[in-house]
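Chain naming follows the written order as A, B, C and D, and within any one chain the residues start at number 1.
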Amino acid sequence: MHFASDNTAPVPPQVLEALIAANHGYAMPYGADALMGEVRDRIRHAFEAPEAEIYLVATGTAANALSLACLCPPWATVFCHRNAHIEEDECGAPEFYTGGAKLTLIDTPHARLTPGKLEKAISFTGRGGVHNVQRGVVSLTNATEAGTVYSAGEVAALCTVAKGYGLPVHMDGARFANALVRAGCTPAEMTWKAGVDVLSFGGTKNGLMGVEAVVLFDPSRAWEFELRRKRGAHLFSKHRYLSAQMAAYLRDDLWLKLAARANAAATRLSEGLAALPGARLLHPSEANSVFAEWPRAGHRRAQKAGAQYYLWPMDQTLTGPDDAPLSARMVCSWSTTDEDVDAFLRLVKGKTTERA
Amino acid sequence: MHFASDNTAPVPPQVLEALIAANHGYAMPYGADALMGEVRDRIRHAFEAPEAEIYLVATGTAANALSLACLCPPWATVFCHRNAHIEEDECGAPEFYTGGAKLTLIDTPHARLTPGKLEKAISFTGRGGVHNVQRGVVSLTNATEAGTVYSAGEVAALCTVAKGYGLPVHMDGARFANALVRAGCTPAEMTWKAGVDVLSFGGTKNGLMGVEAVVLFDPSRAWEFELRRKRGAHLFSKHRYLSAQMAAYLRDDLWLKLAARANAAATRLSEGLAALPGARLLHPSEANSVFAEWPRAGHRRAQKAGAQYYLWPMDQTLTGPDDAPLSARMVCSWSTTDEDVDAFLRLVKGKTTERA
Amino acid sequence: MHFASDNTAPVPPQVLEALIAANHGYAMPYGADALMGEVRDRIRHAFEAPEAEIYLVATGTAANALSLACLCPPWATVFCHRNAHIEEDECGAPEFYTGGAKLTLIDTPHARLTPGKLEKAISFTGRGGVHNVQRGVVSLTNATEAGTVYSAGEVAALCTVAKGYGLPVHMDGARFANALVRAGCTPAEMTWKAGVDVLSFGGTKNGLMGVEAVVLFDPSRAWEFELRRKRGAHLFSKHRYLSAQMAAYLRDDLWLKLAARANAAATRLSEGLAALPGARLLHPSEANSVFAEWPRAGHRRAQKAGAQYYLWPMDQTLTGPDDAPLSARMVCSWSTTDEDVDAFLRLVKGKTTERA
Amino acid sequence: MHFASDNTAPVPPQVLEALIAANHGYAMPYGADALMGEVRDRIRHAFEAPEAEIYLVATGTAANALSLACLCPPWATVFCHRNAHIEEDECGAPEFYTGGAKLTLIDTPHARLTPGKLEKAISFTGRGGVHNVQRGVVSLTNATEAGTVYSAGEVAALCTVAKGYGLPVHMDGARFANALVRAGCTPAEMTWKAGVDVLSFGGTKNGLMGVEAVVLFDPSRAWEFELRRKRGAHLFSKHRYLSAQMAAYLRDDLWLKLAARANAAATRLSEGLAALPGARLLHPSEANSVFAEWPRAGHRRAQKAGAQYYLWPMDQTLTGPDDAPLSARMVCSWSTTDEDVDAFLRLVKGKTTERA
């Protein structure tokens, strides 16, 4: 019953086997390994983007911060949701990599930006000319921090607003596979066809040890990206071990299969919770995260039994009236089982369990 | 016959096995995994430094740049050798991470700083008060970029100069194990007992996939380091896979055994080369690198046969008189075999090979 | 009728005369001039702060950004009002000088922070440990961007919140004199006695050509400030011309007299506007700025007659119904006369003027 | 007898009068003042550069650092002389403003770069691809830190090298007027016709209180420059006081007349010194600086009599044998008189003085 995060899970056997297979003989360093060629080909093919340039890094924060630095000058701002990972969970990495850009925070329900609110934030920015920070880049997260998903059409609508101001668009796809599986569109439809310029294509949360791809649909910034990656200390010498993982991830649609499993577990969990007395979902559960509240007694039972998840916000406490609801975040991964989910639901529900 | 770099080699089986063993069940992310506890204990024990704080990153450049950023304010300078990796091979990562510090370059033979030249460089700096960049930190590399090694006493002599000016000392130990094996002293003698404040403790070049430890002998900067690491996007969520590798590296002195193998191969290679007609070593071969020159014909034979190494400097050409010497850099790794070395020597020597 | 800004006004004769007087013979550069000694003494005396260190720069943005850089590490955040000059009017200078810190924006009426909202913002920040940007510094503006003034007691209450979290406090005093004249307390009561650590002590908006003092009540950061000032290219070689202006400003309480004149003009203006039909003040006019709205017809008359001020927000238009109110910002300076104010009021009022 | 620096001198009456004249009524801030129009026109005319964009800042370091930041990305290097002001006297301002670029230092006699040495430095840089800092910009200083002057032809030869590598060229013209007067060419010949892209056009050392113009011969970077200037806190609100000084400087060739006076004084001084027994010039005195050595007894007499200048390097001491030579730097300004020079020469010479 581990729902703390998708980054606590192990990696699937295909990934380990790919590492083992890659560990023979000598390989050229710094991305010149043969497996990187396979990765490049597979991503270009999957995204129908033969011109795209692809680079691997080891953390999602690196993928995001390097991408934003290529798209946003130091004197500009990144438009994003108030709960975006780049705002809340990266300790200022975007500010560091951009050389001091701002983040302009937009409040919308369920962590999904809306064209109207985005337009308002952009239009409000930089009206004072040289005295103000300038309009820089729009950054979307799909799936969002609230476990919701933008459809391809919703992404396109947001990109249209950005492009109306001449702004590039970055997508933080730490959970891109989960979003794609839910949205039921193609990778191309979700990204460059909708107007996305750079994608952080996540692998780590969906089953790799620590590998993310940055996909530059416009290759004109490729050399700058390479320099920023090296200068940021994110260029691996023994690069084959990143390539091997990402190649395994892409083969036979493993990435989509893993995401489908995580999403299905979250659906089972969210539907189970929603059906419990006193419980309700706080956000639609559209990818692999579930945000819900239920009575404190259910939390006590779950946590006493060792279930791992975060009360969300974290400053809530288990001490207090039994029936007062507490809210929580649960994240499913490719390795979450139906048994995990069902055992958890029994604990939350309580009486049935105790009778059994 | 792969002598291009120690970063083209595979990892030893113990490392792969540790990864496989670590891939069971759920593990707390971001360094809270149990294996990181083992790593911390083992490094503290090996360095006789129970107070030291230890952090893992994935690249040597990250280890160096983050360490320097903790030791050197933006308006100061890093004293280092002109050929230091931080100057020549990191695309300005130290400048980026420090927020714009300088590097003051010192020229000395065999990439080994001397106390006299170091003292001169430090004393010359910052004499103009606020108009000048200030004295910041001394960075030593051991083993050096020329394949030479500082003894513990030599490190201590350099640290004494630094401390005389109140400066901290960083050691780039990308090949620390190779240096230690050669110097025959303890890890503590080579570092904090000699005056080193922060060590980049290399794993990647000596058999890991991409793991380096930063050892802060003075733990007062630990929290700053953690923030800089996160902000630099070098904090791994699935941290157990870094820990597992480093733990395997430290168990049973694997790190020292791997380095001993690489050093022995380099000794065999350097002695073999030195004995050839028209050949000579350019630097004493004290760790796992060999810098030597020999007649062009020998290079032609070696490269035609597929031997991989760099002409050094790189702008030399195989075209030209047979007997004119060309200089080269060769790096041995834990996986270099006696057969590799001997085959290479036969190619360089030439006639014997042709007869055989 | 120039109410566009206090930075469009000329300087009073005492300042010019001081420049002329300073222009004799040779003077030591970079702040070693004798006049700087006088400035230091006068500020220390005025603020009852014999230990304070004082530095001159030429722009308010420099004073603010350098001060914040000394108080806030790159991985932390500056708590300030959403309309603070450092957020809205400095093109990211605080981000640049701090090396990429954030600004956390607080919304409160009349641009005056409240202890409750400040406490909430601080407590909400950094709860996620290393993943989050950390708590850095609180920055207050007095007089505020809305033309309101914190009393010494209100400053102390905010500082108490900051100190409760161990945070330093910066005061942007671009209009410090105007605030002080209004608040009726001593400079010490408004600053260090209330808990302010560093003050940007404005001169430019109150009658100098371009001189601001930074007052470090805690001199321990003085050397860092000097280095940051030089590195930021804000150390003047012919420093005597800054010193001369600031010395003249401080002699005979000129700074307070100038501010009193500006405040009196704003009071006359705000009271006159408030008495007009269809007009109302948007913020209490407590210093030298007036924020008010009145019917569009009055704006048309005023602007047609050449009155200079900003519609605020700037995207309003003079085209439209006569009686619909438009809002405006007007700033008085030491050189604003009663005649200016009265003429302006007549224009806004309209009928009287037309009759006349 | 003030030869410490040209920044210890007062400003000529024309500059004060221009300030007084500018101090009437209200003026638009931030460079929108009418006098800035005059400045722009006069510089465009003087440089035969009708497309050039011109901006004013208050310090030479600001002019240099902002210019370099527009020309050199963070991952590149500035090629300059080892004694350049940007290297030795700006406390890392270029590193700060560029976001962490390097300076590559070139050693040549008399602080004058040579095409050969420049070509060697450039060609040596960035050969390792992404691992290395890239080639960025060439920065020349004219007049140089050694008081020598590049002719227009010499500038053109250096620019040809830079352009051969696609690099832009910056000229630090803190003493541009002194160089021009000496070289006897036109401003255009010395700059854009020779290949200079951006000029720091000095005013402060040649008679202003603190005003430098940045001349962008290629206006395509103008907006970026404006944003960097604002963000660097170098945009003046009461800009008319900068404009007024620079306008006065340009009227009636005042700038050239002031420089001619300073140069003539330096010539008189250098010729006088060279004729003294035991004395010699260390660099040709081609602008307004004199670098010379003479016996210690002469230094003792001069300094005892209150002459102000720097022993150069500064760590020499007056204590020691009478006839051992000490080296010194003396700088003449527009206000240096023949009497100053002659009195100084008499002191150095000694016997005549003692007889008198």
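Worth pointing out:
Following the convention adopted for this analysis, a contact is a pair of C-beta atoms (placed from the backbone, for glycine too) under 8 Å apart; a residue touches a chain by one contact, two chains touch by 3 or more.
Bear in mind the structure is a predicted one, so any value in this text is a computation, not a measurement.
Taking the mean of C-alpha positions as each chain's centre, the chain lying farthest from the centre of chain D is A.
Ranking A-B and A-C by contacting C-beta pairs places A-B first.
If each chain is reduced to the centroid of its CA atoms, chain A and chain D end up 52 Å from each other. Separation between the centroids of chain A and chain C, computed from CA atoms only, is 42 Å. Centroids built from CA atoms put chain B at 35 Å from chain A.
Residue positions of chain D touching 2 or more other chains: 74-75, 90-92, 96, 99, 130-131, 134, 227, 230-231, 235. Of all the residues in chain A, the ones that touch chain C in their complex are 74-75, 88-92, 95-96, 98-103, 127-128, 130-134, 314-315.
By the touch criterion stated above, chain B contacts chain C in their complex at residues 30, 73-75, 99, 130-131, 134, 224, 226-231, 235. Of all the residues in chain C, the ones that touch chain D in their complex are 2, 4-5, 7-11, 16, 19-20, 23-29, 57-62, 65-66, 90-93, 96-97, 204-205, 209-210, 227, 230-238, 241-242, 308.
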